[in-house]
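The two complexes that follow have chain A in common; it is paired with chain B in the first and with chain C in the second.
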Partner chain A sequence: MIEPGMVSTLLRICLILVLISAACLLTTRNLSSLVRTYALQSLILVAIAILIGVIENNSILLLIAGITLVSKVIGIPWFIRIIQQRIKIQQDLKFSYLQPGGALMVSMLLILLVYLCFSRVLKDLFTENSLFFMGSVIGVSLMMMGLIAIFTRQLAITKVIGYLSMENGVLLFGLFVTELPFITEFVIMVDLIILVLLTTILTVGMDSSIDAYTNRLKEFHLWSEEEVQA
Partner chain B sequence: MSFTPVLAGLFNLGFVLLISPLYMTVVKIVKARAQRRAGPPLLQGYYNLAKLFRKEVVYSDYASFISRAAPYASLAILMVAVLLVPVIWIPDAAPAEGNIIVFLYLLAFTRFLLALLGLDAGSTFGGMGSSREMSLSAVIEPTTVVVFAAMAYVAGTLSIPEMFRHATTIIPGMSPTILLLSVSLFILIIVETGRVPVDNPETHLELTMIHEGMLLDTSGRNLALFELSHAVKQTLMMALLINILIPIGIIQEASIIGLVLAAILFLIKGTALSVLIGIVESSFAKMRFFRVPGLFMMAFFFSALTILSEVML
Partner chain C sequence: MIDLFIPAVFFYLAAGVIPIWLTGIRSYRYCSLLQGCAGALTILASASALLRITGGERISFSLTPLFPVILGIDRLTAAFSLLLGILTIAVCCYSPGYIARMHGGRSRDLLCSLIPIFLTSMLLVLLSRTTCAFLFFWEIMAISSFFLVLIEYQDEKTRKAAFFYLAMTQLSTVCIFLGVIQLYLNSGSFEFPTGISITTLPGLLAFLSIFLGIAIKAGAIPFHKWLPYAHPAAASPVSALMSGMMLNTALYMLVRAVTGFFIPNITSGLVILFFGCLTAVLGVMYAVKEQDLKGLLAYSSIDNTGVILTGIGLFVVFTATGHQAIGTMALLGAVFHAVSHGLFKGLLFLTAGSVNMATGTRNIDELGGLLVRMPWTGGLFFVGVLAISALPPLNGFAGELLIYQALITGLMQSEPLMQVLLVIVLSLFGLTGALTAVCFVKAFGLTFLALPRTPAAKQAHEVPLMMRAGPAVLSIACILSGIFSSQILSILGYPGYLPDLLLLSILLIGALALTYAAVYSLASRETRISITWGCGMQDPTSKMEYTGSGFTEPVVRIFAPIFRTRITFSKEYQDSEHCFVRSGTARIELMKFFEEYLYLPVARLIDSYGSAVSRLQNGNVDTYVLYVFGAVVVLVVVMGWLA
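Showing the complex of A and B:
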């Protein structure tokens, strides 16, 4: 059995790794690395859920870790990777409003702002358990950084990853502060999968007419010839 | 005056001068292996230095005393910096008075000397290299200051030996703030030693040269001194990272066996870090010049975050 002190240190390290992965999501231009970083970030969330589950002896958290592992670490990245291979986009070099350096600076300010706000709002939690307080700050900060990724990136596929990162922030906040019911977590996960499916399909045909869209789907082998004829 | 700090300083200096070329070669071997080449032998760095030391020095017709003095001054300054960074032995009294701020200025001074040397020979490439080096250093200096400030804040002291002493009290790799700080320090090693993706030390292309551009007109013994300075600078930066992140093995009480074990351990840790640098170099392409500040921003972000996390945790 792991000692509680060790678990708490591991949790702090995981939180720091979450921030490092969020910074990488804002600056990485290579799409494969972006997807890999997202998968890694989700894996860290799995580790966090397991560690909190161990501390609190809560089996629901272990279930949440399980579905996060299946959906966010394996499922969604796998699907995005397939789409990415089909549409042959390797890099996202376009940024709007903010370049990666500027995005990092804004994130820094946002983290500071969240910390200042939370130190007033969650004063009790801060005095009671600084680890859970920091978890909540980093959770909301991750949401904000995901939001920055959404509006600084131009390609739809990278915007999706920003959205997914935002959801990771919600999950992190949920793990540390509010205990979301398992069913809600599950529904969010299903929502995410549908979002990824829809967006990747739209990514393929966003700038085409219906006819051209069908042709483009065929071009990318997303839709087989028989299905089109039927 | 106690004899121990002098002994510790001399030992440190000798050790750093001895092992520095080895780490440079390890990086080259890893890069070569990544490109499916055999790479140079492990002692190639020493052979190169020996060869260069034997060769004649040729000066440009336009060269002033700067070209003659800069190589010696550069190595001498770095040797002073070595006295501030205990690599394997932290004596009770430091061999030289100084702290992280002095260390920072010593590094900046060698950079300044190199830029002067680039301009001194009056060649186009030298001037171009100096111009690029100074443009980059204008951006990197604030980041370096913040990284060192974060180090000082985490350890609660400006003295480098005290920082290492503080690191020995923490379980290696188990402090979140030190983990964050290591990311910034690693980026700093890449930047300060002119490695890919910031600079390519092995190229002689006009488009990519920064460090090499300034050294194009340097030859023989002078080039050997600069090569050695570069290697010493890299070892110093690596020692900062290693002794803060994994200070296992660093000794505080001198003994022959302790020193030998500490030296072997540092050699292993340094080789592992050199392999990591080589892997990073092989995985990235050289960045466009105007995209390099993005990397500095990462180091700045992580070091600012280190201070913030130290407050939050």
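Showing the complex of A and C:
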């Protein structure tokens, strides 16, 4: 059996790794690396879930770790990689509002802000258990960094990874502060898979930006001016 | 008797549904028949409620427990619902003929369908006894009237008028809504409250919100701008109902508010009095200058709203200063004039609609000589003109006389400062009366007398029988309610307020008969043939007649600071030294004071705000996500700050 002190140290390391992976998601331009980073981030979450499950002796957390592993570490990245092989674009070079460096700076400020605010909001948790407090801060920060990824990147594929990263933040927050029921976690996973599938189909290979959706749909006469008028 | 209103409402609603299935003249006839039944039931129920001296009946049902709907009838409601019934009968006689001659296919059915709904909403506003029910029916009234104005939407002017009306009516609803909230906070109930003092801040806010909402709806200056746009744009039966009934519905609510909701206070009385005088004087001045016949009537409605507001304001002032009896006299005058105004304004709008139908124009300068071509319409219009000019023994005289009596009696019994105020009000009231007479001499004289100025006026024919029957109902009501005004007030429990106009009428008729007999017996029997309005000229043409602009020019000159005309001219010169003029243009136009200095600055402000908002709404998904991000950050900060 692992000692509690050791588990706590491991958890802190994992949380730092989560932050690093989030920073990578904001700055990486290579699409393959982006997907790999996401898979890695999800794997760290699996490790965190297992470690907390061991401390609290909670089998539900182990189940959550299991479905996260299957869906987010293996399933979704595998699916995106298949699509990636079919498209020609390897790099995401289009940014709006913030360049990667700026996004990183904003993220750092954001973590600080969340830390300051949460130290007042979760006062009890802050004094009783600094590890769980840190977990909650990083969870919310990760969610907001995912949001930054969504509005700074233009390619659909990176936006989807931003959404997925946001969900990772929610999961992390849930693991440390409010444990969600297993069924909720399961439904969220199913939703994520469907989101990826649908986005893939709609963007016809994920090589386009969001604005190009409409044009493509018009090509298929799904949303033509004539039909709107009719 | 309140139970009789329920089938009346059902008849109205059934009339509104008919044009959905049937189309064409058949639909208008059936619709009008049902509407007529509803009107007759309303008259019956109202008259019997009016005759009951004490007490009121109530009927309550609830759509949801939170928002109870209570309907009730007392004599104040009955007076206005009686007017609604009479107007319904007049409009249902008039409408089929009018609608059948209108352009547009489906929109005519829509017009036919919306009129009963509009009437129902007004009836239910009058019957409402809870604020939430009142607000609900008030909003239905606003929306249905908006669509009624919009019926001929193909015309850009109509669209502009309708949207202007929509903006103003919604502003009115917002104010009323705020007032209803304040009333609830004051009384803790949705039932009509009693005894709220406006000396407290919530009471004052409630009064101001409700008064503002009513003032906008009733067309009090400076919130009157929608009226001169909406009335000419709407069909004539709609204008008759909007001007004759809808404005009165708003004023009815003000009467109910000052007699029930709020404790009479001199400040509130002075506020109402100020708006009343301002509206009466400016309304009639604008009416004098107007060349559009329906526009003139619309401005005249503003003037009459001012007269009624003055009566209500006097009631509050006198009651607050302890002169209850004089206050009652002023209030009686206001209510009597409100009902009278509904009758004669309905009559004038319907006959103006007939003129418009027969000639295709509403411009007074393009009419003339219609009395020989449309004698019935001209005669009915003349009755309306006599009534609105407050000539005895018609109903316009009776209402205004009550207000004059209240003013003069109050003048005798008040303190010096109040006497100064009452003298000012009295002089303004007198000026309003005189200008009203000028205005309607112009309207009748230039429309119906002299020679026709255009071929359209020359070829005009009398409208069909039913289109004369509708206005005839109203003109009979105007005459009877004027002649028997003293008796009516006596039956209602207010004897001695008015002199016996029946006696005066008999004397007048006798004098007329004697004069006629004298002239007939003494006049020469020789036949002389000459040209009408010849004035000694050999061959006068219609070009030599007085135009509307010419007729009102002296008045415009006297009140030039108020009318504020703008003169613009440009010249082209023959030579470079600017000595010889080649050609030039000059233009004199009336400045739209309230529009240019009050409405447009506000509209520009809203427009610039709208532009800023539309820049935020740029259709880019990334931007929207950025907003979400900003919102989450703000949320986190606020959460941390409040913790």
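Everything below uses one rule, namely that the second predicted complex is superposed on the first by the 204 of 230 C-alpha atoms of A that agree within 3 Å, B and C clash if a C-alpha of one lies under 4 Å from a C-alpha of the other, contacts with A are read in each partner's own complex, and residues count from 1 in each chain.
Note that in this section contacts are C-beta pairs under 8 Å (C-beta built on N, C-alpha and C of every residue); 3 or more make two chains touch, one makes a residue touch a chain.
Model, not experiment: these values are computed from the prediction.
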item	value
Partner chain in contact with A:M134 - chain B first, chain C second, else both or neither	first
Which superposed partner A:L147 touches (first chain B, second chain C, both, neither)	second
Partner chain(s) touched by A:V35 [first = chain B, second = chain C, both, neither]	neither
Partner chain(s) touched by A:R120 [first = chain B, second = chain C, both, neither]	second
First (chain B), second (chain C), both or neither touched by A:I83	neither
Touched partner set for A:S96, first chain B, second chain C, both or neither	second
Contacts of A:L110 with chain B and chain C, given as first, second, both or neither	second
Touching both chain C and chain B, counted on chain A across the two superposed complexes	none
Of chain A, residues touching chain B in the complex	9, 12-13, 15-17, 19-20, 23, 27, 99-101, 104-105, 107-108, 111-112, 115, 130-131, 133-134, 137
Chain A-facing residues of chain C, complex	620-623, 625-626, 628-629, 632-633, 636-637, 639-641, 643
In the complex, chain A residues that touch chain C	96-97, 110, 113-114, 116-121, 123, 140, 144, 147-148, 150-152, 154, 210-211
Touch list for chain B against partner chain A, complex	171, 174-177, 179-180, 183, 293-294, 297-298, 300-302, 304-305, 308-309, 312-313
